[in-house]
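Next come two complexes built around chain A: one with chain B, the other with chain C.
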Partner chain A sequence: MSQSGDPSAGDGQPVWREEFAIRTADERYVARRQFTKFMVLTSVGMFVGNLSILIKSWLWRRPQYAPQVVAGASELPVGGVKLFTYPTEKDRCILVRLAEDQFVAYSQKCTHLSCAVYFSAEAGRFECPCHEGFFRAADGAVLQGPPQRPLPRIVLEMAGDQLVATGVDLQEEG
Partner chain B sequence: MFGYAFFIDPSRCIGCQSCVQACAECETHRGTSMIHVDFLDRASSIATVPMVCMHCDDPTCAQVCPADAIKKGEDGVVHSSLKPRCIACSNCVLACPFGVPMVKLAIEQMTKCDMCYDRTSEGKRPMCATVCPSQALAYVRPEEIAAGRREVPTSVFGFGLQTVTTLVQYLVPAGSRSIQVEAVDIVDYLWEGDGQP
Partner chain C sequence: MQSPGEPRRRRSLTVIDGAMSMILVLLVLQMWLLTATLESYLAGHRGVATPAAILSGILFLGCLGLYGFVHGADRAAR
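On to the complex of A and B.
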């Protein structure tokens, strides 16, 4: 019912006629056949969309990363931490010198909710301050907390006396 | 059929009942005719008139249906009642100014002429119009009617204070624009008292 108390719709018809239209074209309720049609077309759309994603992932299987020198790695003391970005300016990474000749680097984003993890030297692990998710320093595996996946590892190579980041290992298999 | 229209010419009707029989032969409602042939004034005339559904623009049968069972399609055809909804109350039978709907009590449903929707929707002509020997019922292009008939089509009917416009067209003598039906007080008509109602 309209607020003004006018019992009729626009064309002199009572208001309830809108709900019970005589012309099938005026009906607002979705017919079963129309609903089925919608569901089928939506399902086909979803299938095609998923298929395109699958084909795309086949075609671009391995993303290519440009090598990048991690500056100032050689003057890092054992147990020292250095932050850098790789492969793009927005991907913050953390480099740790675990031993004289052992460097490890991981994405700084916690795999739970993307808080920045930090290196705890005394515990020898990466810790996320948000929900206490801990990662092993040696391989980035989850030690405790809500994260389900290990930290993405930055592949490092020694080129002369320079440390070079050459790729990102998502460590999805583990 | 796109571009085709239904015309009724009562002056051509010879009362042969072919249309009624042809309608009853349709497989969707075999044995039951949805249309009828009326005698206009049987006491004084042999004139007959075929009556198919006129498919009103604002169908009175659908307006009075309490169960929302009568629907008008996008092509203007008013269909038989929807089986799950019809309650066989006969409101439509009483309300239709042309006397078209019929309630079949055996199936408790109103059925009516739907211009042979199963045929016309796939490009065939309605049963009645295909068999009518005098083409009093004609399903043709409007140009053919204009070229071949003296009468002119109208789709405006006056029933007392109610004006009804229809999809099916009536052929009336040239110069007429509408058909005005005298309003008859049915109670007055049926009165069997002393002549002073």
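On to the complex of A and C.
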């Protein structure tokens, strides 16, 4: 009997015959091989995803924000709090006067699930009421709770008697 | 009646199953790596992107190597 197709698959069998196996054991081979191929393709997809994140991180540039007057230095007593928005109207921030000459400002969004944090003057820390995530007032570092990252810090500068927000520091490690 | 190549095929199937399980483990690891990297990137931690991409590449090469092994075992069994 003559055979059509490419007889390069071994034993003089055409390649297509491998994919249409008659024996059950042969059929299992085909199913496994195809499934393995599918898994390797998925692995390629994951690798490409990681590469795209890497390329995006290379292309990323730190955004520049316009300076904005937040408050007058004499406006707040020690332990006093003022809420403001920066850099856009949707970004709520919190300014605290920790000492006579120490002002700190952070994004008010908890880094866990974005609940609004508030300043606890007695404990000297920022507290998130949703899941009890606490942040150190001096640097925004996580003290306890589910948040994994510190609060984004608003960079402040003194211009005469006025406090001016000039940028946002995400306090990233890498 | 059992064909003469049947025990060899069965052995190969076991080997292929083992390799597939290892690929599956690598794939799950790679999925976790991708989600963790994306989470960190969106949180502003861009430093993790490079080691994560390298590790993902190594995992992919591992998958590829195992696939080559499966392919070879498959061929040998035939």
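Operating definition for what follows: the second predicted complex is superposed on the first by the 111 of 174 C-alpha atoms of A that agree within 3 Å, B and C clash if a C-alpha of one lies under 4 Å from a C-alpha of the other, contacts with A are read in each partner's own complex, and residues count from 1 in each chain.
Keep in mind that, in the parts below, a contact is a pair of C-beta atoms (placed from the backbone, for glycine too) under 8 Å apart; a residue touches a chain by one contact, two chains touch by 3 or more.
Model, not experiment: these values are computed from the prediction.
With both complexes superposed, C is the one of chain B and chain C in contact with more chain A residues. Of the two partner chains placed by the overlay, neither chain B nor chain C lies in contact with A:38. With both structures placed on the common chain, the touch criterion links A:60 to chain C but leaves chain B unconnected.
In the superposition on chain A, A:51 contacts chain C only, with no contact to chain B. 23, 25 are the residues of chain A that lie in the contact sets of both chain B and chain C, per the superposition on chain A. On chain C, the positions that touch chain A within their shared complex are 3, 6, 9-10, 12-13, 16-17, 19-20, 23-24, 26-27, 30-31, 33-34, 37-38, 41, 43-50, 52-53, 56-57, 59-60, 63-64, 66-67, 70-71, 74-75, 77-78.
Listing the residues of chain B that touch chain A in their complex gives 58-59, 62-63, 68, 70-74.
On chain A, the positions that touch chain B within their shared complex are 20, 22-25. The part of chain A that touches chain C in the complex is made up of residues 10-11, 18, 23, 25, 28-29, 32-33, 35-37, 39-40, 42-44, 46-47, 49-51, 53-54, 56-57, 60, 111, 149, 152, 170, 172-174.
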